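I'd like to ask you about the structure that follows.
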Amino acid sequence: MGIVLAIPFMLSFDPYYISIFIPAIILGAVSIAWNLLAGICGQVSFGHAAFFGIGAYASAILVMKADWSPYFAILAAGLCGALSSLIIGLPAFRLRGAYFALLILGFAEVMKLLAMNLTWLTEGSQGIFNIPSLPPIQLGGLNLEFFISRTTNYYVASFLMFVIYLAVYFLRWSNTGLAMAAVHGNEDTAAGIGVPVVRTKAIALAVSALCTSMMGAFYAHYIRFLSPDSAFDAYWSVMPIVGSLFGGMTTIIGPMAGALVITSVDEFLFKRLFETGHKMFFGLLLVLVIVWAPSGLLGNRIRKTAHGAEE
Amino acid sequence: MKMTRAIVGCVIVFILIVWLVAAHAAAPIKLGAHAPQTGALAKHGIEQIKGIRLGAEQFEKDSGIKVELKVYDDESDPQKAISAVEKLAGVDHVNAIVGGYGSNLVGPASEAAERYDTPYLITGAVDTKLSVKKFKNFFRLNYMPGYAAAQSGAIKDLLGAKKVGILYNSLSATAEIAEAVKSQLTAAGLAVPVFEKFEKGTTNFKPILLKLRDAGCEVLLVEGYFPDYVGTLKDAKILNLPIKAYIGAWGIGTPDFIRELGPLSEFTYGTSVWEIGTAPKEAKEQEAAVVAGYKTKYNEEPSYIGMLGYLSAKVMLDAIKEGGGESGAYGPEKTRKALRELDVMSPMGRIAFDEKGDPKYFVAILFQTQKGNQVVVYPKDRSTGQAQYPGVPWMKGDEKAGVSR
Amino acid sequence: MISLASIAQSFLSGLAEGVDYSLYCLGLAFVFGIMRIINLAHGEFLVLGGYVAYWLLVIWGVNPILAMPVAAATAGGTAFLSYRIFLQRIRTTSDLNTLILTFGLSVFLANLFIECWTADIRNIGVDWLEHPVALYGIYMSVGEIFTLVISLVAVFSLHFFLTRSKTGLAIRVTAIDRDAAGLAGINVNRVDLMAFSIGGVLAGLSGPLLGMVSHISPGAGLAVTIKAFILTVLAGVGSLLGLVVAGMILGVGEALTVTFTNASYRELFGFTLFLMILLIRPRGLFGKGL
């Protein structure tokens, strides 16, 4: 975490680098949230973009149509995300493995389509322009403003990520966390020893969605423009998975580290070397890393037993 | 040897003068450009940058001033578009930025450019909402009202149709122009019985086209992009749709449109800022030079996107040079002043900017594809030929002897 | 008002499109059903086949129908290499790894296409294939009829291959129980390699058809993969014929949704159906159990 705080200093507050790292931090936070559900509780989701987008739109709508302050809107957006996750999640928990993942994917697509069609609420495909950014904070004599790429945005994002990290940390080491690990190992056994499986999964999902939605809301006030395509972009479903895998799904900090590394490598290494076609090497790198380091940089080996269960 | 010393003295002075002049004249201009080179909008961004590169090269040749062009791929991603401006303006300290494709990229990027007080001229985002904030650094060569006026005007005045079916892609720009054209047509007393939005990526257009047939529409207007045209034209051909004209928005009649669709492109109408051969009289020479230059450099003919890229680079570079004056002291305020005072003829018509940065005199042209050429048919004062109406690509031979307008 | 002819035409167009969907999906469904691998690069294999057919047409004037075997072979070869060099090594690690690997592969391929062949949109247009055929006022193009027939032939061929041939049998046995298959003397690794390559072949086969009916571009793969997913879940694992029927249901549903309501609800139909199936009957309409 210290590294994260130090980065702006290292790079002397250069706004270009800030503008690269803010999305990286957003991704890092979402990756941690995703990993709570997937790495710790064992439920893989392919559709976290759903919660990201719901959070983004909820916050934008609350601020622009109901005149809320963005700070409260971000929190409320998080709750919206958590609520929607339960609406889809509770029935979804009956499914296992890949089917659960696909269901959330379908949910993300449906949300995107709803955003496109409910034009009275979301302005449809045209998108919402000119979303207000976070209003300035008065701290003693200091006036902190939030223009694009100002370092203040960076710190708010980092703050949110830190909060999420703490939340996941405490959750993991609590009794519920223990329950999650049990559910991850083997659901039926967990149920057998008295773990409230559905409730545990629900908590994991709701917290994961809440965090993701909050980051989505932050994104809305940072980029200040939303469209169904950008808010529900598959990027937010896929990259947390990539980041988590890269960094190791068995730790809490792993996903964040993974997200930061892949963002940096793509931007600073590949793009510098190849003006066009840099994504090609990104894909290739991904393939190579998976083949030669399947458990990620910081994780432990995950092997499949003969019966397909993971240990 | 007084003579020798005098000669040497003159030579030295001469060299000094030349060196001084050269040093001043040689102050290089740094031009930044961002456009999608990867991602969904890659095709358009790549062409745009090609045009910009050519523009910078020609400017160098004509003015003798060196241009350092820095290109940044914004990956069709708004976040990267912001980073593009951060890098170009903040790190590379360019004198101005051109490029930009797509309202969702240009929106955030224009805000960033405003923060850095860097003049920003775009050609790829026509949504009117973008100029609402009246950023003093925001300029663009084309925007939506010009296209809508060309379409509705042509339908009313040139074709004289009474019932129009409008299909539009749900994306922002196409949806906006569809709404604008619909209200302009209904205000003029025409009927629009079919007005349907379709999602990008639709492949089966038959169900929607059938609605047009049932409603008896004479004209089909498709506000969309290349894939949408391909889909609608193919399905309309299969259904042998009984309409009299097929009008698209932007992207009709470009070199690769003709290449990919072949005979299916005949008689389609489209709007554009420019296609080969459609420059106004005063700019024909310039057009020829640009087309020739593009062909030499890239081995293909420029599309309107390439031409827009070229013009954006040229206009911006000229303005920077103009603002910098003799001494080459370029500055954002001077560049902006030069841009606002600009009023030139170009292959796309008259270029001048209003106080919001929108192009004051921009009117799109409506052309019809005839045997692989774009024949401008509207507005009348720019027209280069007659429209064939009724005329659709799937007509049978004997029907082709329709009325020429 | 909507005429009866229009409804019938809409229905038929949806039916044809649905059968096409099932062909596009065949490779993904096969690989998922047999190997439990979700191949995110499936769409890119298909697009690769499309490009092969396109260039064969443009450079040598080869009819896309004739180009199909070449397209299929190219895609199959790519699949073969991908599996042999990369996928095989991580088979024993978690499912998520294969997912990310195929994702990386899809990103690599999609951008490779841009580098090689530019981001331009490619149309595979052969005039006589686009010629409409009319029957009682209902139209279909020659190409569409061909596509329909080829799709059905492909599905049935695969079905017979799996149920009647020795290799097909070996593949199915391995899918049910790898250890038993190994004990019975089947080279499990080779079966895996073959199955994945067949998935690639099936994808490549559909590429030219997609180009004929719609268009090919570097980014077209993603939409194909997503549609294929939806259809796989809708149909359920284990029945190829079910795949075709499910495809038809999807296609017709989409078309009629447009006819009776609005074009913008087209996609919503598909996804809503998808969610409902997952929630109410997860093994799909015709699935044979998880």
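When the chains are written out, they are named A, B and C in that same order, and each has its own residue count from 1.
Assume a residue touches a chain if its C-beta (ideal position, glycine included) is under 8 Å from a C-beta of that chain, and two chains touch if they have at least 3 such contacts.
Not measured: the values here are computed from a predicted model.
J.: Setting subunit A aside and leaving every other chain in place, which groups of chains remain linked through touching?
T.: one piece
J.: When the contacting C-beta pairs are counted for A-B and for B-C, which pair yields the higher total?
T.: B-C
J.: At what distance in angstrom does the C-alpha mean of subunit C lie from that of subunit A?
T.: 31
J.: Just the number, please: Cα centre separation of subunit B and subunit C in whole Å.
T.: Inter-chain centre distance comes to 37 Å.
J.: Of all residues in subunit C, which are in touch with two or more distinct other chains?
T.: Expected reply: 111, 114, 264, 267.
J.: Can you tell me which residues of subunit B touch two or more of the remaining chains?
T.: 38, 46, 170, 199
J.: Please list all residues of subunit A that touch 2 or more other chains.
T.: Answer for subunit A, listing residues that touch two or more other chains: 113, 116, 276-277, 279.
J.: Spell out the residues on subunit C that touch subunit A in their complex, using ranges where they run on.
T.: 36, 38, 86, 89-90, 92-97, 99-101, 103-112, 114-115, 179, 222, 226, 229-230, 233, 264-265, 267-268, 271-272, 274-275, 278-279, 282, 290
J.: Would you mind writing out the residues of subunit A in touch with subunit C in their complex?
T.: Residues of subunit A touching subunit C: 38, 44, 91-92, 94-99, 102-103, 105-107, 109-110, 113-114, 116-117, 234, 238, 241-242, 245, 249, 276-277, 279-280, 282-287, 290-291, 294-295, 302-304, 306, 310.
J.: Once bound in the complex, which stretches of subunit B touch subunit A?
T.: 37-38, 46, 71, 73, 75, 77-79, 82-83, 86-87, 90-91, 103-104, 107-108, 111-112, 115, 127, 129-130, 132-133, 170-172, 175-176, 199
J.: Show me the residue ranges of subunit B that touch subunit C in the complex, using the header's touch definition.
T.: Touch list, subunit B to subunit C: 38-40, 42-43, 46, 167, 170, 196-199, 201-204, 206-208, 210-211, 213-214, 226-227, 230-231, 234-235, 237-240, 256, 260-264.
J.: Residue numbers of subunit A touching subunit B in their complex, please.
T.: 14-16, 18-20, 22-23, 113, 116, 124-127, 129-130, 147-149, 223-225, 227, 229-230, 235, 267, 271, 275-279
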